[in-house]
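Following this line, the structures themselves.
In what follows, subunit A forms one complex with subunit B and a second complex with subunit C.
Right after this comes the complex of A and B.
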């Protein structure tokens, strides 16, 4: 404790952390949260029951944790994967059988993805049955819906990347469903596929959506989602 | 201080009159709008490929003497069945299921209680007869029929040209 106190007096510490130590009042304690970018998504105060497991089942946090796992494993998988038809399937097989711990990483990515869809869905159910979509939280519910759709789209775009029979036909069927959208269906399908059939462009497009566009959307919306929880009066 | 008073007075006098500030704001908004719309347009154009290295729509098959009567040739690249019936009549049928686009399979011995040849889809179980008519859903309509023409002794099939039932058969 003494070492910590001395450390807190150094110029370095004070340049990193804005709140002066030691903390003596409740105001000081709340300032620690207010003055930190990483901590300020936490509320200054929580009701005791809100941190009980049975209150939320931690479903939102579990979803976020799985998203984090997916980012880490996904980035690592990207290092051995080339989104081109001659390579994609072979790279996936190499990850399974040649690369050290490749199959572990790939399975971790795969299972986390499945679990994330389940946990996001359960999270939505919990919020729904608790009535937490009601004012003033209705906008956060909408953001949640967009996050659910993004999760499903991430699952779907990731499905093509191994480029095996399963992915090929799943994407054929999926993009044909897109075709039934009124007015712009055919155009959306063409833009999505980058052509009339699944091909080289399709693989790259799905790869970019899966690795760049959708994760960015997710990160921004998750940050906003968390912030709104605090602003709308905490967990319900 | 002077400016603040002036603008305050003007605002209360004439809400709808265009003053310099309103003019510049709408000019700026219009310019931004044009740039944004243009940007969206340019992006959409960029996302639409101009050159596609896809399989050609027209293909040849033959010579017709080598195609056995009552036989089917499946062209996997073009996803097309080319059928010869007994009387030297030919037709070409798309193998793409009209439901959600899977490739169907021709079963000569029939399937699902049909003794005649059927075309079946592995994805959601649609069933068609040998002329592409729906026997069993979920396919919403008959398989596409393509124009077949004779060139020298070969059949030329154009998968870009769909024809009706009356025109589908080429008699030789």
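Right after this comes the complex of A and C.
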């Protein structure tokens, strides 16, 4: 205990943890909560009924957990994947046949993605039927919508990466739909494809969107989403 | 602490989750290939010959140049091990192979999914790999990917397929690389050639019925379509380039039923050896149509004109023009008209044929619909090229692009092509492709060739391409004679096409003038076992002199010289005779003095036929002049060759 106390007095400790030990007053105790990100995520007050399973069905947390699984498996998959033709499809084959537990990894990623889409949708329905989009939560509802769209986009961009017939045609159809957006449709399609037809550049663009841009947006917005829940008065 | 229901559930779920996680590594461990490798090591121990056990683990061949990774060797462990020649699959040694496995891998020839490590995925057509292992019969198609136009000895099916593609004139409707268009008679003037419109109707409906060896396919026309097309075609009475038929000569009209006139025709027909190219009831050559029923199809005036000057009516035809006199042509015509009649043909009912209304427009539409102009020329306005699909990359056709119709065909490219060639309209849709009369082996040959036409781009250093034999065009009088007698149909000259008869490139250095002169008068077969011989073309004396002069001036090999110390005396002759009969045993292949083998040409009268320089140089290095000859290169000393030459030159015609 003494060593711990001494350690807490070092400059290093104090530069990492702002709260001064030992905790003696209630202010110190509450400062621990305020100064820690992980503990801070919960609102100051949590209603007992809000913890009950039937209150939220934990849908938001399940979505977040799946997102976490997706990031972990996704990073592992990135180690085996080249966004190039024809390597992309061959990499899938390697994952399936040669990489240890490769198909497990890939299936985890795939199923988590499917489940995340489902859980995000259910989460939205739950929030809608509870009326949780009403003030003061209307902005968080908008963020939620953006998160939903990001989830779908992640799902869609990931679909091209195996570069098989299914993904090729899915992207063909998808980008053709984009083309019908008024005024800028053709330009958006061109941007997405990196050209006028699906090819190497499309693959790279979708890869960057899937692995860098969209996950970053997701992480930022999720953080903001959680913070807003707390600020707007906890779960409803 | 009390354990409540929720915690119990949590514990149970956690354990189940852990167990589920354990499945994946276990599945990884119990893969089939691991069993197979263990099995290999066990069997290897029991074998009498020493076979090294393998280390357990995935194995693969990475062919960087071809961008392929083949894991076949994970299970096929004995591929390059001669001790496992008789082992069962998958450990058997690969049969005689032409390429280094490490340099080529497996799937470049066999196809299949080389990346996979499970039996079904590797060998069979599956959802995520539509190029399954090629069946053994089509494996040659892979040779054709690199060996373009090479006609290798070991790829007979592929070569045959290529030949058939040209023979059946597939290039008439399809774009096929390296395929040439074949000669097909032009249809101009067909109305002045065909005797009976009913014949044409029946022909169009089913050509094979009239002529079993015909190359014309069956377009499965309806009765009405056949009639319209007949009326349309018979309306073309004039020939191309304003050529008109000459009337039959007096002598024909007077003598056509007289026996000795017909006999004269028959004699000329035999002397000219028409059956070298034309079969008669299936007996004879395969180069030209069967003549058995020709007189029921073609009228006498056309036959007369055609025999008199073949290229006047059909400028591209390969048939030589014989040097007959008008009377002889008339006699041959009379013989053919009296002899080659279809006795089973329906009697002409004598009713006057009334063409259908607007037959011309409808006929033209049909002519265009079935792309008749792909093969037959016809000078009429409004004829369009209406070709079929491009076959340049047919071997890589995507499975999802294929319309399978209502068939039960397995969904692979080779099954598709095979069935399409066999019954072109099997897959339904609006296909116009006609039905060919092909045997199973022909279907497979064509399939093998088409399969070799792949989309994939192979590295240039893998490609072995033999250039197409180029057409030779000879100028002037010689050119005219060569063209008239279609010499280059059978003979080759400076790498040109003909493959039936000897090469003429250096004939002037090979053969003696007197012998050539007598040979043109009466050609015979040099080799006793070869049945084909040059037909008697009745080449006129002046033309023979022009040809011989051309041979002696142009078709020479200047390098054919004989050493100056050659003294053809009796001593040399005796020594040569000894060398010929004893030292080198030439008689085992060559007939001389009535005795000897049948493999090489007889040398009885070699001295009258061959020039000494040629004999000498040939003896020194036969393969230099004919790479595929079986005559051994003995490496004999110069003196031996000179003596044998002396001996052979002494063998003159006795009379």
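To be clear about the criterion, the second predicted complex is superposed on the first by the 206 of 236 C-alpha atoms of A that agree within 3 Å, B and C clash if a C-alpha of one lies under 4 Å from a C-alpha of the other, contacts with A are read in each partner's own complex, and residues count from 1 in each chain.
One rule holds in what follows: a residue touches a chain if its C-beta (ideal position, glycine included) is under 8 Å from a C-beta of that chain, and two chains touch if they have at least 3 such contacts.
Since we're looking at a predicted model, the values are computed, not measured.
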Original post:
With both structures lined up on subunit A, is it a clash or a fit for subunit B and subunit C?
Top reply: clash
Original post:
Regarding the shared-chain residue A:104, is it in contact with subunit B (first), subunit C (second), both, or neither?
Top reply: second
**OP:** Could you look at A:94 and tell me whether it touches subunit B, subunit C, both or neither (first, second, both, neither)?
**Re:** second
**OP:** Check whether A:176 is in contact with subunit B, with subunit C, with both or with neither, and answer first, second, both or neither.
**Re:** first
**OP:** Using the superposition on chain A described above, determine whether A:164 touches subunit B (first), subunit C (second), both, or neither.
**Re:** second
Original post:
So which subunit C segment collides with subunit B once the two are superposed: 183-191, 381-389 or 561-569?
Top reply: 381-389
Subject >> subunit B/subunit C common contact set on subunit A >> reply: none
Original post:
What residues of subunit C sit close enough to touch subunit A in their complex?
Top reply: 24-25, 27-28, 58, 67, 69, 71, 113, 115-118, 121, 128, 400
**OP:** Name, in rising order, each residue of subunit A that touches subunit C in their complex.
**Re:** 86, 90, 93-94, 96-98, 100-101, 103-104, 164-165
Subject >> Of subunit B, residues touching subunit A in the complex >> reply: 44, 47-49, 52-55, 99-102, 123
**OP:** Provide the residue numbers of subunit A that touch subunit B in the complex, in ascending order.
**Re:** 169, 172-173, 175-177, 190-191, 194-197, 199-201
